[in-house]
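These notes concern the structure reproduced below.
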Amino acid sequence: MSVAKVTEIIASSNKSFDDAIENGIERASQTLKNVSGAWVESQKVVVNDGKVTEYRVAMKVTFILKD
Amino acid sequence: MSVAKVTEIIASSNKSFDDAIENGIERASQTLKNVSGAWVESQKVVVNDGKVTEYRVAMKVTFILKD
Amino acid sequence: MSVAKVTEIIASSNKSFDDAIENGIERASQTLKNVSGAWVESQKVVVNDGKVTEYRVAMKVTFILKD
Amino acid sequence: MSVAKVTEIIASSNKSFDDAIENGIERASQTLKNVSGAWVESQKVVVNDGKVTEYRVAMKVTFILKD
Amino acid sequence: MSVAKVTEIIASSNKSFDDAIENGIERASQTLKNVSGAWVESQKVVVNDGKVTEYRVAMKVTFILKD
Amino acid sequence: MSVAKVTEIIASSNKSFDDAIENGIERASQTLKNVSGAWVESQKVVVNDGKVTEYRVAMKVTFILKD
Amino acid sequence: MSVAKVTEIIASSNKSFDDAIENGIERASQTLKNVSGAWVESQKVVVNDGKVTEYRVAMKVTFILKD
Amino acid sequence: MSVAKVTEIIASSNKSFDDAIENGIERASQTLKNVSGAWVESQKVVVNDGKVTEYRVAMKVTFILKD
Amino acid sequence: MSVAKVTEIIASSNKSFDDAIENGIERASQTLKNVSGAWVESQKVVVNDGKVTEYRVAMKVTFILKD
Amino acid sequence: MSVAKVTEIIASSNKSFDDAIENGIERASQTLKNVSGAWVESQKVVVNDGKVTEYRVAMKVTFILKD
Amino acid sequence: MSVAKVTEIIASSNKSFDDAIENGIERASQTLKNVSGAWVESQKVVVNDGKVTEYRVAMKVTFILKD
Amino acid sequence: MSVAKVTEIIASSNKSFDDAIENGIERASQTLKNVSGAWVESQKVVVNDGKVTEYRVAMKVTFILKD
């Protein structure tokens, strides 16, 4: 039976929340093998001069541990 | 006074979370009448080979019961 | 040391959740100075005739209080 | 051993929260057999011209499934 | 400086939630001195033959400990 | 698209929780325009000499911001 | 893209929590097609004469809706 | 109308979570009359040398107060 | 295997939260044997004339029950 | 019967959490009358070069509204 | 004074939840020293053809960091 | 756009919660670069002979990942 590990990251984008998630998955997959999914923990935006300049998503990324 | 029912579904899309929600509403409206709204319970992505392949949204859909 | 205030708004859009958030920040920045960010509390959609007609986001907006 | 089902409804009344719950139980019992109880999930009021015009209760209704 | 104790009870009534709370306070005050207040944890109803027969409130009762 | 503001108040009554909510809405409507509704955050009672002397409701009141 | 439905049941057993879950899945599968899984919401025991006589599990069961 | 009290205990076992719950009910029933049930708050294991040596369950035990 | 009891208290101090916790442990240990620890549930301050006059901590105190 | 308002602030200090709370109360009392108390929502520290440089407390401040 | 690290894993078994936890501890102890315990975050089952085929436990594993 | 990682630790001190947090940040900074902050998850004390002997803080530490 498999065991998976869960790691929490905060990814960002200046375009959208969906884009921030894709950035996070891409970065995580550079160092982690067998990334299987992620679920959103929280969503935040950074604001400057009345405009949204950054979308931030805290997400828990799951990857399968090989024996 | 009206009574509404709440049903929980998990809808998916390979494009975005917003699209997953629209898919869910469309599917729910095929079998349910008077769907009035839905709120997001949780958001998850499925990953293959370092890429997001599926956006999944758990949502509670509300529809008004006719007497 | 600074003190920031947190105010809760519910912003909407007929396009997407991200657009609803931008509408909310824009409206808040009309009356509040030094808006620094916001985090999403909840996300809801309004449905008419089986279609999503409105995206609603409850968000907590943070702004720095000047002495 | 028994299995019970849980269904979520939103009931309303223009009198009180307790009355909204009774309306909900009455409506649920029209279509469901063996309703055994319900617990309150959330309570909301609708306001018009500074007056409460509607009490709304989201509740989880439990009913025993016959084999 | 004072220290208060918190005890959790589940009180019931066949009239209303408010009445159930008053029953609970009355019963708690028979055995506890210096009861100062209580807050509602959850609210449940018991149903028989499609009618609400019992209102149940889980509540945390606070009382001040004398030195 | 509209933007609504959410403000949190704690209203009280010596009669009932429902009455406390009505007091809160009435008071909020004295200073706020376009109050559309409120949802209950928490419910507490104050006790003196074994009797409930005050019903307190923490509630989030929503009002629509005019452009 | 698929849409799944989530239904909540309370299953019981006089042996163990695991057995209660299996009873619940078995009962759900009698009426629902494509049950894919379930997650535990809460766990409760009923006690008589100082002994556990019933294990109860509230669980959310997921099943895939066919188009 | 009855009033029940709720007391929180942490019970343990070196066999299983179910066994820990039975130990807790048995111990509670030595000092409390009319124990009617309990629900699980949290579940923890203690580990030594890579092996689970203890199952711990925090549980809220309910018992009916006699007038 | 041991069974521990959990009791909830609200302790206060006019100095600090840490001091309030120590007051609470000291008071609890006057009447309870084998107090092993406590965890913080919530933290509140009382204010008079713009100054903090009281630090209050709601805490769950654990003590081991002897057979 | 009184009505109180709740406002959320984020206060900071480079000394301690308690000091951050006092700064927040002091700042709130400059603009708000009848501040009666506050409870802690969350606690965060900012770190530079391995050292804590700022203690931040999100807190809900309560003040009584005069008729 | 010691510092411990917390890592989150999802362990599985085709026998029971307890067995899934033991598998998780065993796997974690292969790569981590001084594992002291774990607490259960959530419990899920996978179902095929109306039968539970897999018990999954999300758990937070604690291990002491050596200086 | 940056990606940050979140790691959870439990730090302790025999002086105070603030000191426990500083110990935790110091230990984390020995092995992690670019630690930017941390937020408190939970606070616990260990008690011996009626005295607080240890302050424990579970905290989520954030550090920026370099590309």
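By written order: A, B, C, D, E, F, G, H, I, J, K and L. Residues from 1 in each chain.
One rule holds for everything that comes next: a contact is a pair of C-beta atoms (placed from the backbone, for glycine too) under 8 Å apart; a residue touches a chain by one contact, two chains touch by 3 or more.
Remember, predicted model here, so these are calculated numbers, not experimental data.
Trainee: Determine whether chain H and chain I, two copies of the same sequence, contact each other through the same residue numbers or different ones, counting it as same when over half of the numbers at the interface appear on both sides.
Mentor: different
Trainee: Compare the CA centroid of chain B with every other chain's and tell me the farthest one.
Mentor: I
Trainee: Greatest Cα-centroid separation from chain G: which chain?
Mentor: J
Trainee: For chain A and chain H, what's the span in angstrom between their mean Cα positions?
Mentor: From the centre of chain A to the centre of chain H is 38 Å.
Trainee: So how far apart, in whole Å, are chain H and chain L when each is placed at the average of its C-alpha atoms?
Mentor: 31
Trainee: Report the inter-chain centroid distance for chain E and chain H in whole angstrom, where each centroid is the mean of the CA atoms.
Mentor: The answer is 22 Å.
Trainee: What positions in chain B touch 2 or more of the other chains?
Mentor: Residues 7-8, 17 of chain B touch two or more partner chains.
Trainee: Looking at the whole structure, which two-chain pairs count as touching?
Mentor: Chains touch in the following pairs: A-B, A-C, A-K, A-L, B-C, B-D, B-G, C-F, C-J, D-E, D-F, D-G, E-F, E-H, E-I, F-J, G-H, G-K, H-I, H-K, I-J, I-L, J-L, K-L.
Trainee: Please output the residues of chain E touching chain I within their complex, sorted ascending.
Mentor: 1-8, 60, 62, 65, 67
Trainee: Touching chain C in the complex: which residues of chain J?
Mentor: 7-14, 20, 23-24, 27-28, 54, 58
Trainee: Quick check: in the complex, which residue numbers of chain J touch chain L?
Mentor: Against chain L, chain J makes touches at 16-17, 42-47, 50-52, 55.
Trainee: List the residues on chain C that touch chain A in their complex, please.
Mentor: 17-18, 21-22, 25-26, 29, 35-40
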